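Same chain, two partners: chain A is paired with chain B first, then with chain C.
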Partner chain A sequence: MTVTALLFASYAEALGSDRLELTLAGNTTVRDVVDRLRAMPGGSSLPAAPLVAVNQTYANADQRVVSGDEVAIIPPVAGG
Partner chain B sequence: MSVRTAIVRRAIDVSALLSEVGDTANGATVIFLGHVREMNDGRTVSGIEYSAYGEMAERELAAIASECAAHFGVAHLVAEHRLGALELGDVSIAIAVAHPHRAEAYEASRFVIEEVKRRLPIWKREGYVDGTSDWVNAAGIAHEQRAEERQ
Partner chain C sequence: MTSTATSPAELSNEEIFRYSRHLILPEVGLEGQKKLKQARVLLVGVGGLGSPAALYLAAAGVGTLGLVDFDVVDATNLQRQIIHGTRTIGKRKLDSARDRIEDLNPNVKVEAHETPLTSRNALEIIRTYDIVVDGTDNFQTRYLVNDACVILGKPNVYGSIYRFEGQASVFATGDAPCYRCLFREPPPPGLVPSCAEGGVLGVLPGIVGTIQTTEALKLILGIGESLAGRLLLIDALRMRFRTLNLRKDPTCPACGTHEIKELIDYEEFCGVRQAAADDAAALSAVPEISPVQLAARIARGDDFDLIDVREPHEWDIARIPGARLIPLATLVNQLPTLDSARDIIVHCKMGGRSAKAVQQLQASGFRKVWNLSGGITRWSNDVDPSTPKY
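Take a look at the complex of A and B:
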């Protein structure tokens, strides 16, 4: 299955991209997506448990992801 | 009751926001403005580039405003957050709240900005007069706490 990982700000700079299509096995969780990204070049600057939003809603690490999901890795926010 | 929020890429018209929440039924209007500050952590700032997870930021800001209106019984609330390259003094966020009474108007305004700081997926890259730039809050103390809450 394929999910779209979105990266922003410092995380996008670290991985050199703001959008990656990832192919993963079934029974995948948010944690698996994060682990995959952290194993990529530049991915070590992502924390082990970053904030994540699945389809634009904040999600915990155990949440399942399914094919087509948009998984956004959210750096420390700094709005205002 | 009226609630409106927006993520914008233009200057925020503060007067227009005040007019929008104006209503003789209310005795208090509070407006909060966030703007680009000259000094941060001892460094002299030249400007800030704001970026966002656009669609989610729209949704989260709308959700914050709805929660605020329901919780405080706000009559009118308008909040706009600006993205893009801002110069010193430019308004990055404006929150206008109208309520029959001042105590609730102040509390509601505070609620919105604190929730924005906590959960709106917006980032800022601060530029300095020496030509360097850095992501603000990259250490993310509040962020770490929030991530822990979700483990």
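Take a look at the complex of A and C:
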């Protein structure tokens, strides 16, 4: 199955893209998506439990994701 | 003509005329405008976000604006901090902002708090206001503002910026989550660059600060649908606005379990200050050469290599004659092109990145390496004032 990872601000810079199509095995959770991203080049700057929204709604690490889901990973930003 | 003295809840004829475009909106009207007049809003930070927020809140007729800042106006602020001006460079931001607000709307009372917000003063300062607008530029203060607002039950109108992207929400109201529900603890120091390090499109805090202001005004007026419970993500480069639905975290130590009963100074608590001090100590331990000494070596015709580890777009702004550009991120790949038998002097903008480069070179077996202390900025100050500073 395929999910779309959306990356913002410093996370997009770290992974070199703001949008990645990921192919994952079935029976997948938010945690699996994050782990996959963390294993990619530049992914080590993602924390193990970042702020995640699936299809524009807050999701915890155990939430299931299904094919076609949009998984947004949001970094903390401090500038003002 | 002259406005007659009015009770706090009444509007003078001057005010009625000034706010006429508000008064003819049924959603605001006379009652709403009186609510604005009686409202007390605290702006934490009068910088990129605080500038437009202060201007529009004052223009809207918010009766009392509290301002927290301890900084002085600098020329590099003016690209985005539009409440300040060329004439107020070098002045306290609080004085600069107060002058501009008084000119814009003399009906507004400004309360200046010239201090950093700390665990010792935050509750005392925030307590007397109805709403807080968070326009700070660092994580320590954001957590302080969040926790203080949760403890005191004050809405925290949040905004934050990074390069071309922004975030906004309203925290700590009713069933809405707080900042800690989203980000439980501050990230490790050094992971997230500041505006000074990362750069920011000047208009971006204008977009985000006016969104915060809109939310603050709606809260005062009790109209519309608040951003509470939602996080607005703004991408100015693609001009995309995305709203995420948030959830209050029942295990949140601030608004869930309420285990945070006192404020935390993160500088001390999570070792930010210590880590920064350790970093600074390690970096200052690298061998250094001053710009004046470098100029003397150039004048003597000494044989050495001068390496500039900044980025190409910085090289385009200013450079030291004779330097070779090797951006820090590419240094590892360029090591085979460097001669460890020769003296190598490394520089950047201020001396931070070049100190890291010196450490990298030392770790790769280079023995004769020096860091140009203060970078090209100090070169401009001490040796060649014709070199632009940025």
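Throughout what follows, the second predicted complex is superposed on the first by the 76 of 80 C-alpha atoms of A that agree within 3 Å, B and C clash if a C-alpha of one lies under 4 Å from a C-alpha of the other, contacts with A are read in each partner's own complex, and residues count from 1 in each chain.
The rule is simple: contacts are C-beta pairs under 8 Å (C-beta built on N, C-alpha and C of every residue); 3 or more make two chains touch, one makes a residue touch a chain.
Keep in mind the model is a prediction, meaning the values are calculated, not measured.
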item: Touched partner set for A:G26, first chain B, second chain C, both or neither; value: neither
item: Touching partner for A:P41 - first (chain B), second (chain C), both, neither; value: neither
item: Partner chain(s) touched by A:A61 [first = chain B, second = chain C, both, neither]; value: first
item: Partner chain(s) touched by A:G80 [first = chain B, second = chain C, both, neither]; value: both
item: Residues of chain A at both interfaces, chain B in one complex, chain C in the other; value: 8-10, 47, 51, 53, 56, 58, 72, 74-80
item: Residue ranges of chain B in contact with chain A within the complex; value: 34, 50-53, 55-57, 59, 81, 92-93, 113, 116-125, 135-144, 146-148, 150-151
item: Residues on chain A engaged by chain C in the complex (per definition of touch); value: 8-10, 45, 47, 51, 53, 56-58, 72, 74-80
item: Complex contact set, residues of chain C against chain A; value: 45, 47-50, 134-139, 142, 159-163, 165-167, 182-183, 186-187, 191-195, 198, 200, 205, 231, 233, 235, 242-247
item: Parts of chain A lying in touch with chain B, wherever the complex brings them together; value: 6, 8-10, 47, 49-51, 53, 56, 58-61, 72, 74-80
